[in-house]
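Two complexes, one shared chain (subunit A), two partners (subunit B, subunit C).
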Partner chain A sequence: MSVMSQEPRVGAASEPAASPAAETPTTATPPASPAVPAGTPLALQVESVRRVYKAKSGAVTALAGVDLEVQAGELFGLLGPNGAGKTTLIKILTTLLAPTSGTAKVFGFDVEHETKRIRRIMNMVAGGEQSGYGILTVREQLWMFSQFYGMSSADGWKRSEALLDRVGLGEKKHQRVSTLSTGERQKMNLARGLMNDPWILFLDEPTLGLDVEAARSLRELMLEWRAAVPGRTILLTTHYMAEADELCDRIAIVHKGRILAIGTSAELKRRVQRESIFRVELDRLEGGVGSIAHLPGVVKATTAATDGGQAERQNVAINLVLEDDAALGAVVGALGTHGSRILGLQKSEPTLEDVFVELVGRGFEDEDEPEEHVDDPEAST
Partner chain B sequence: MAVTAASVTAGGRRPGAIGGSPGEGGSRLGGIARAFWTSVRIGWRMEANWTDPLLFFIYSVAKPVSAALILVVMLSIVAGPAAANLRPFVVIGTALWSLVTSGISGLAWSILDDRERYRMLKYIYVSPADFVVVLLGRGVARLGVGAAGTIITIVIGILVLGVPFDLGRIDWPVLVLATLFGLTSVVALALLLAAICLQTRQESWSYPEAFAGAAFLVSGAVFPLTVLPAPVQVLGLVTPLGWWIEAARRAFLPDAPSGIGGAGSYLASINGGAVPSAAECLLALIVTGAVATLAAAVVFRFSVRRAQERGLLDLTTGS
Partner chain C sequence: MSAAAPVAPVAPSGPPPLDLVGRSGVGPREASAWSPRQILVTNLRAIRGRAYPRWRGLFREKSWVAFEILLPFLSTSAFVFVYRSLHAPEAYVGFVVLGGVMSAFWINVIWMMANQLWWEKSQGNLELYFAAPMDFMSILFGMALGGMVMSSSRALSILVIATVVFGVSFSVSSWVLVILVFASTLAALYGVGMVLASLFLVWGREAWHLGQMLTEPVYFVAGLNFPVARLGLLGALSVGIIPLATGLDAMRQLVFAGAPFPIGTPAPEIELAILVAMAVLSTALARWMLAVMERRARRDGRLTIRWQ
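Up next is the complex of A and B:
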């Protein structure tokens, strides 16, 4: 008795595509990994997606019109303060939640009408939650999912164990889920997420609550997994700026249900800082900063506090804002003619956090802003 | 984490080839069967208390047997010597009832447990397995646990309480058909209840038992429907449970008093007073069961859709 709608197999829609992995002559054995078809439209195509929750206090607009395109093979990051709508977007893309309006496609499949197809090619892992059937053993729980993905029983056991080894839980496979620590559950959860070798993996704060070592190995695993097969895509949310900076090909900064900026980490940084900023430390500076402020290409020169204190009290530090890096040459030359010796030179780069703070307008700790409540007549749910 | 990505895939399964996707080897029917049996197996592992003798004793032996005993004792106080006649009626009724309770509540509890306690509902939902199939498997596992209580109660009824039992007199075709359609109906009602629990935002652990309790009243399990007011009798006649219990009881005890129909009953005002035959009970069970199953399928489907629209699938009352 099937109550759920019947969905045809994934095959048809993406048939014409040829995978890079398949360009080697076809042999009897299938490729080692499920390859993502090349020429697949886009991993993610989100158009004007809105999501309004009905809460007791009124309607809450979690997503206020999001447009987003992610290429197959990208590792894409969503950054945003608490309540920005990141998890909501992931829920919509993983078919757990329907959008209030707008359309979203995962590898060309519509999240509302082609759910069965999407479920085969994606998986998701949310961090920081205590999920799992406590009474089952770790491998039993994984095996259950292997069966849901249509593997034979024996293959399911093999795969569950291989995945547990891979996430570093091999020794705990016979332990009950209830005995795992938070981080270990998280690893088990990741193993589940890799069960079907998805084309796209959604990771909602995957390193939340992990120790430094575990977080690093999870990041390595993510990169390794993605690199193994061309086209594998990851959408990641995180509150760790360094993590986003290190991992993501592109990042979207989300705030109050809207995407404020999208780009590579470098592009985003350039957005907040077009000039070059240097910090120069000198043994002395005759004529003060005024002597260099007028040089060509120098936007601003100010004295800065010297660090260290005692021994370096004679030293002078200046902050230089230059139109671009090329202007540095003239400054260095001028300092030489003034008889100053350069003790240190540092280019100061904006961090992703600077970008975040500038775009979002507040730091992470600052939570006093009330949630956005919008009375929306369109809100159908 | 030294194993490379590629080596892990070599699990022996047929990986999704181009344009296909992982694990998409078998037929759709095969996938459904696999998901179903997996859920039965996992559900059994989680629900059955075989490994814990004390829990097993409490839930599968003490609870149903004491329920039957309480009623038998009450009956002998109220009815005196005449109670001996009614004893088999009550024992079979309560025995089947333990199956109804675990059956009806099982699915709803699986939803609530998975959503609230294990937080796995969302992961099951976003897997390619049919959501309803997985839940049905879990429900069947709970039915199996309930069946243990039923069998134990009947055995104790025969050995200790003097319920007449004659293998030769059991109407096997009626018993087998009644069990088949009866359990299907129980699962259908369970699905209906699960659909309702999926919509609740508050903890609703008490719903299933409340529902089962109400159904108990109108099912004729321990006292004939006749004693109830006419409108309530109607309710009993349109639900499959009463017909199931009645058909099963007839199969076991051809001479037992009937829980449905007969002099003074509402049914008598329609059919002129005849006690329905076993075949008629079976027919009524099939008709009411089919209606319940259809309704459950429609309502469940609607409920899942609505839950997806409202974000109820991963809703928890806690953190």
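Up next is the complex of A and C:
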């Protein structure tokens, strides 16, 4: 039994998931953000939300019963391949799309009946966004959007300039929007998303198509913005595993309109790593790996290739699969008895890709676009 | 011993923090509770915001001089030469010039009002507008206001050039009525543009063809280059339903007083009343259609999504 399966189930897919590994989707309790004032409602509360599109080929189920709770102050990630339903969920939460059934609330406001209240405290930015007007300068573009949120003209200009300075576009503020590079444009989009100082920011693949440096810069900004005021919440969709791993407090793995698992990155990884795996580098090992394979708690011990130059190649590296971390003590003791000196010790961590493979039965890259999504608006987003 | 000078606070190095609005102390639920005044102010500012790109475009798109002044002027000139070669009353030259002036507004209504939401959708702006807290009507009003300013300058350019080149003389019977008719014509024209914007969005890819369909045929039934009364019953019908026809006929009657008008259209005062009614009705209809469109967009998931 995995560690996570013993934890209370707060939000999960309401229907059985697609693969055997996902039959018991488990979630972690949303962590309470310590700095958020007491009484602040959940930032997001999604219950049994389904969304079915009418397409030429028939009904397409984009969301097949999603349950989700996100605390105020969280940076929550929706991780899944294209066509998983991430964008549909964001469209529902940003009041652009009505759920076919189920309820969804943003800071306690119903997405179907209290749209105006939600729109006053949220903003959204999508990857590859081409919004605005190329004829305007970068500064004018932000000012224009500030007007849609009711800011005074002076405040709009002031905030536009401050945000542009902050995202590193200060020198380009008088340049036309149409002249910006993809990365610069996305920085401007993020500045637009922050213009009204939202309480919740929906980011749909915000680093899509960006180079490493631009993506890193945007990620830093997201984190900094959220940290500046307690309660600021981010819902991030991505299909970049490392991005979700690096940024998110918790992650939901989404596949074919269902949430297969929710938890912190570590919790999700523990789901697939039931044993502890270590790589140990030694100066020598008398008796070979057989001398430690029989020790209590050792599941498997194998010789591993060593990296580096000639000196390093004379060392011995072994891979240890242990029942749990506690078994490491006995191994270290035995190695000392054999006169081996430990040069290096590294614990191997599974990746979110491993988690996805465990849940779905195949990797992200192997994912076939479901045929029924061809006519679906989600298919290209 | 002198007192030490106060030490100036050292400015923190690095970029400013991303807490620029300073909403500290106001939670999300309080922040979303807006007063009626706040709602009104936001909508007024949204109108200004959406009008802004058009205002800026007026100065930044140099190509408009060729496309929106010189080309209509050539078309107007052709009719002037035809009328003069046929020895038509000189007032007809003025009718054509006025038609050329008003065509600037109709072009703007069709291509920058009716087609605009379709374009906004393809750019991804539409969903941002929907997701913003202002009433969507403010976006339409802003588009209309910006369009009016933009087209007025173009219309004025055509008027001045054509008047100078062809020596048109005006005989205004009532400046007050002229101004009222002109303002009501613009209100009615852009009201129709707001209605068409929603319709074109629903019709989607056919919008381009619809735009074409509403250009030359409307010029004809509105009597852009001749008095609409020449069309008889069709002309009377046009005056009742097409604001371009109503406004143009009323303005011709007012600025070319005493010209040989064919009988068959109402007096300018009545046409003014028709224009006001058109403006009110089209604005109400536009509002209703937007509400229908938003409901449909949220239900079907197609109208606000970029690729559909």
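A few points about this structure:
By definition in this document, the second predicted complex is superposed on the first by the 287 of 381 C-alpha atoms of A that agree within 3 Å, B and C clash if a C-alpha of one lies under 4 Å from a C-alpha of the other, contacts with A are read in each partner's own complex, and residues count from 1 in each chain.
Just so we're on the same page, contacts are C-beta pairs under 8 Å (C-beta built on N, C-alpha and C of every residue); 3 or more make two chains touch, one makes a residue touch a chain.
Owing to the predicted nature of the structure, the values given are computational and were not obtained by experimental measurement.
Touch criterion not met for A:G297: it reaches neither subunit B nor subunit C.
Touch criterion met: A:T95 reaches subunit B and subunit C at once.
Contacts of A:G231 after superposition on the shared chain: subunit C is touched, whereas subunit B is not.
In the superposed pair of complexes, A:D197 makes contact with subunit B and with subunit C alike.
Applying the stated contact rule after C-alpha superposition, one finds that A:G58 touches neither subunit B nor subunit C.
When both complexes are overlaid on chain A, the residue A:S217 reaches subunit B alone and has no touch with subunit C.
Between subunit B and subunit C, B touches the greater number of residues of subunit A.
By the document's definition of touching, both partners, subunit B and subunit C, reach A:Q130.
Contacts of A:D165 after superposition: both subunit B and subunit C are touched. When both complexes are overlaid on chain A, the residue A:G83 reaches neither subunit B nor subunit C. Of the residues of subunit A, those at positions 37, 53-54, 91, 94-98, 116, 119-124, 129-133, 135-136, 140, 144-152, 159, 162-163, 165-166, 194, 196-197, 199, 221, 224-225, 228-229, 380-381 touch subunit B in one of the two structures and subunit C in the other. Interface residues of subunit B facing subunit A in the complex, by the touch rule stated above, are 1, 3-26, 28, 30-32, 34-35, 38-39, 42, 45-46, 118-120, 122-134, 136, 293, 297, 300-301, 304, 308-311, 313-314.
Residues of subunit A touching subunit B in their complex: 1-4, 6, 9-15, 17-19, 22, 30-35, 37, 53-54, 91, 94-98, 116, 119-124, 129-136, 140, 144-152, 154-156, 158-159, 162-163, 165-168, 192, 194, 196-199, 217, 220-221, 224-225, 227-229, 380-381. Residues 37, 40-41, 43, 51, 53-54, 72, 88, 91, 94-98, 107-109, 116-124, 126, 129-133, 135-136, 140, 143-153, 159, 162-163, 165-166, 194, 196-197, 199-200, 221, 224-225, 228-229, 231, 377, 380-381 of subunit A are the ones that touch subunit C when the two sit in their complex. Those residues of subunit C lying in contact with subunit A across their complex are 15-21, 23-24, 27-29, 31-34, 38, 41-42, 45-46, 48-50, 52-53, 56-57, 60-61, 123-125, 127-134, 297-302, 304-308.
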